[in-house]
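Let me begin by handing over the structure; questions about it come next.
Going by the order they are written in, the chains are A, B, C, D, E, F, G, H, I and J; count residues from 1 in each one.
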Amino acid sequence: MRFMVQMVVRLPGEWPAQRLEEIGKAENARGHELINAGKLRRLFRIVGRRANFSIWDAASLEELHENLSSLPMHPWMDITVTPLIEHPSEIEFKELYGALPALD
Amino acid sequence: MRFMVQMVVRLPGEWPAQRLEEIGKAENARGHELINAGKLRRLFRIVGRRANFSIWDAASLEELHENLSSLPMHPWMDITVTPLIEHPSEIEFKELYGALPALD
Amino acid sequence: MRFMVQMVVRLPGEWPAQRLEEIGKAENARGHELINAGKLRRLFRIVGRRANFSIWDAASLEELHENLSSLPMHPWMDITVTPLIEHPSEIEFKELYGALPALD
Amino acid sequence: MRFMVQMVVRLPGEWPAQRLEEIGKAENARGHELINAGKLRRLFRIVGRRANFSIWDAASLEELHENLSSLPMHPWMDITVTPLIEHPSEIEFKELYGALPALD
Amino acid sequence: MRFMVQMVVRLPGEWPAQRLEEIGKAENARGHELINAGKLRRLFRIVGRRANFSIWDAASLEELHENLSSLPMHPWMDITVTPLIEHPSEIEFKELYGALPALD
Amino acid sequence: MRFMVQMVVRLPGEWPAQRLEEIGKAENARGHELINAGKLRRLFRIVGRRANFSIWDAASLEELHENLSSLPMHPWMDITVTPLIEHPSEIEFKELYGALPALD
Amino acid sequence: MRFMVQMVVRLPGEWPAQRLEEIGKAENARGHELINAGKLRRLFRIVGRRANFSIWDAASLEELHENLSSLPMHPWMDITVTPLIEHPSEIEFKELYGALPALD
Amino acid sequence: MRFMVQMVVRLPGEWPAQRLEEIGKAENARGHELINAGKLRRLFRIVGRRANFSIWDAASLEELHENLSSLPMHPWMDITVTPLIEHPSEIEFKELYGALPALD
Amino acid sequence: MRFMVQMVVRLPGEWPAQRLEEIGKAENARGHELINAGKLRRLFRIVGRRANFSIWDAASLEELHENLSSLPMHPWMDITVTPLIEHPSEIEFKELYGALPALD
Amino acid sequence: MRFMVQMVVRLPGEWPAQRLEEIGKAENARGHELINAGKLRRLFRIVGRRANFSIWDAASLEELHENLSSLPMHPWMDITVTPLIEHPSEIEFKELYGALPALD
C-alpha cells in the first residue's frame, strides 16, 4: 500500500544550531533505515520551507503509524496522511505501453 | 525540475455517463502522451475522491504550465503546484548507500 | 484495515421528491450489499445534516476506493478518508480485560 | 445516545519521555474505566498523528461531558463532538437482514 | 436535552417573491408546531442575515434529527448542531439564588 | 437588546489545579452578579469543551462590552458576539398562540 | 448604536448590463433614503471588488436588520455585522482635546 | 487616501495589570498624536474583544505604514489594511443632496 | 503608489472555445492599454492555474479601482489588493549600491 | 525562472530592540547579497505588517531553496512560494509594442 504524507515541521525558532544539527542527524539516520527497509520510498523537500512531501509503502496501517511515529522530529510535525491507489490512467498506460519510466 | 501537483476535479454531478466517459478517455489519452514525453512521472488517485496527487518533471515553468493546461479536465480542476527539491536526507542516503530502490 | 469515512452529501435543493426517493433507494441498496460483504461496517447519520460518519473495512486501498465510488450519490459527495489503527489503549484493554463489549 | 468524538492531542514537544509515559498511563487507565463502564465504545488512533476518533455512548449530555473532561490529557486536547443517530440505511438493513456483523 | 442549532439559509437569489413567501409561510407553520410541541424553544434571527441561532429540546437525538429535517427550508440550510449542558456557574447560581429570571 | 456570545477559553495546560480553581471561582462569582443584574441571561456549556454559548441582554453596546470585559477569564477567551433579534416566526407565533413556553 | 457592516456582493457574471444597471439604481436609491434617515452613515467601496465597508447607526437591532434587508441586492450579499463602541482612546482624546476632526 | 484597518491585539494573558496599563497609556498617547495629525480618523472598539476597526487617512502608503508601525502594541497586533474609495452611491448622494451628515 | 493584485479567474467550465477566445482577446486588449498607460506594470501567470499576480501603479485609489473594474473578466474574478511600499532593505540597498538591476 | 514569495515574519513580541536591530541588519545584509547576485529581484513591504511580497529569480529550484533558507529570519517566517511564468498578455504586448516600461 502507498501513502502520500505531508510533514510540516515547526521547530522553535530559538533552538541553538547544535540542537538543530543533532535532531537533523537523528532524523536523517532514522530516515535512511526506513528507506533501506523499503518503507520510505521518496522524500521531497518543499522549496523554501521546513516541510516535505513523502511517499511511503506499508504492509499495514499499523506499520505506517509506527514508522511515522519513530521519526525524532515527529513531536514537532503536523502530519497529513493520504491513502493512494494506482490511477486508472496509469493502469491503462501500462497495458498499452508497459512500465512507466523509472523515477530517479 | 520536479513538482507535486494536487488536482481536485469537480465535474457537475448531472453529467450523463457518456460525457464522463468521453472526457475520461480524452484525459487518459493526453496523460499517456505526457507520460511518454517524460513529463508526467507518477499519477496517484486519492482514495475515495475524484482527485489525485501527481509528480511532474519540467524543463521550464512554461512547459509545466502548458502541460497542465492541456488536460481536457483542466477547466474543472482546482490545481495546487508545489515546487520540490531533493531532500537533504535523500542526498545523504545516496552518498552512503547508492540509489534508492526503484519506485514501481 | 479500517477507515473512518466522512461523507457530506450536497444534493441540489431543487430536486423533486421522486428523484430524491429514487437515489435514496439505490444508495441504500448498494449500502446493504456492502454491509453484507463485510465492507461497510457501520454507518451513522450526523444529526440534522445530510452527512454521515461511516466505518469501513477493506482488504486493500483499491477495494475501498471501488466501494466508495460505487455509491450512487458519490458524484454529489465530499468525502474524507481517515486511515485508522487500533488505539494502544484498546490493545492494552484487551490484554487486561478481554474483548470490548460488542457495538450494537 | 451515541457520539463521534475527534480528539487532537497537542502535547508540548519539549516534554521528557517520563512525563509522556506518566500521562499516557493515566490516560489509558481512565480510558479503561470508561470502556468497562460501557461509555467509551471504540477508540481508533488516526494513522501518523497524536489524534483519534472515538465512539461514545452516554445516557445524558452531562454524563458525556463529565467523561470527556475526566481524561488526564483533556487540557491539551482539541475536541469535536458530533451527535449521531442510526442511519436510515442501517435501520432498513436490520429489517431486511437482521443485525449487522459484530464490530471487533 | 438541549442543543444550539445554527442555521444558515442559502436560497437562490433568483427566486420570485411568491416562492419566497410560500416557503416562508410553510417554514413558519412547521416552526409553530415545533414550538407548541416544546421542541423548538427559542429562535433568534441573526441581524442582517438569512440565518438564525435556535435552541432545541429533544428527548432523543433521533427526535432532534427528525424535527430539523422536517423544516421546509432544510434542503437549503447549512446546519451546525452543538450539544449543550447546564453550565456549572448556572448550577451554582441556582443553589445560591434560585431560578434564573425567565427568558422572555 | 439580545446577543449570542460564544466564548472559547484557552487556559494554559500547565496551570496547577489551585490556579484553575481560583479563577473558576472568580469567574462564577462575576457571572452570578451579571445574572442577578439581568445581563447574563443564559449560559450553556458546550459538551466536551472549555467553551460556552451564552445569551446576554444589554441596554447598550457599551454595557455589553463592559460586562464581557469584566470576566476574570476574558484575557484567555476568544469571543464572538452575534447581535440577535426576535425571529419573524416567533413574533407570528406570539400573535397566534401567546407567549412561548418558559425556558428553564 | 453603531455597527460596521461588510457586504460582499456576488452577482451572477452572466447578468446583462441592463439588469446590473437597474439593480444598481435601485440599490443607490434605497441607500440614499437610508443616508437621509441618518441610518447609513458612511459607505466605502473596497478597491477592486464588488464589496464595501459601511458604518450604520440604529436605534435598535430590529431597525438595523430591517434596513439591511431592505437593500435590493441583499439576496446576493454575504453580510457581516460587527457591533462597535467608542474606543477608550477616542473618549480620552475628546476629554483632552475636544471633538475629533469631522470625517468628510 | 482612506483605509480601513482592522487590528486584533493578542497580548499575553499573563501580563500583570501594571504592564497592561503602561502599554495602554503609551498606545493612547500615540493614537492621540495621530488623531491630531489628521491621520487616524476614527477608532472603534469591537464589542467584547481586544480588537478594533479604524479609519485612516494617509498622503502616501509609506506614511500609513510608518504610522501603523509606530503604535506601541504593533508587535502584538494582527493587522489587515483595506484600501477604500468613495462609494458611487455616496458620490451620487452628494450630487443630489449635498454633504452627508457629520459623523460624530 | 504600488499594489500587488492577485486575480483568480473562475470562468464556467461549460463556456465554448469561441467565448473563451473572445473574452481573452478583450482582456488582453484592455490589459495592453493599461500597460501603455503605465498602470499595469507587470502581469505574471501562476503556473497551472487561471490566476495571476500583477503589479499595479496608481496615482490614486480611485484610479486603481477604475482600472481593475474595467477588465472584461472582472465579474468572474476574485481579487485581492495588497498595498505595497518600498522595503527598507531595498532603500538601504539603493543608498549603498545604486539602482536594482532592471526587471525584464 | 521567476517566483513570487510571500514571507510573513512572526518575531516574538518580547524581543528587545537590540535583538530586533541585529537580526534586521543581518537580514538586510544577506538580502543585499542576493540582490547583487541577481536572485532577489524585488522586495515589497506589505503596508502595516511585518510581511512582504518578493520576486525571485533562480536557475534551479535548489538555488531558490538555498537562498530562501539563508535568510537570518527564515526560522520565524511562514513562506509561500508561487511559480510564475510570463502572462500571455505580456507576451502579446511585447510583440505588439516592444518591452514593457522598466520597473523602478
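Note that in this section contacts are C-beta pairs under 8 Å (C-beta built on N, C-alpha and C of every residue); 3 or more make two chains touch, one makes a residue touch a chain.
Being a predicted model, the structure only gives us computed values, none of them experimental.
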item: Of A-B and C-E, pair with higher C-beta contact tally; value: A-B
item: Reference interface F-H: repeating pair among A-J, A-C or A-B with over half of contacts shared; value: A-J
item: Averaged-CA centre spacing for the pair chain J and chain B, given as whole angstrom; value: 28
item: CA centroid of chain A to CA centroid of chain F, Å; value: 46
item: Interchain centroid distance [CA atoms averaged], chain A/chain G, Å; value: 51
item: Shared-contact residues (touching 2 or more other chains) in chain I; value: 2, 45, 47, 61, 64-65, 81, 83-86
item: Touching residues on chain A, where the partner in the complex is chain C; value: 1-3, 60-62, 64-65, 81, 83-86
item: Sites on chain C touched by chain D in the complex; value: 2, 4, 27-28, 31-32, 35-36, 38, 41-47, 52-55, 82-90, 92-93, 96-97, 99-104
item: Complex contact set, residues of chain J against chain H; value: 11, 13, 45, 47-49
item: Partner chain J, residues of chain H touching it in the complex; value: 5, 12, 61, 64-65, 68-69, 75-76, 79, 81
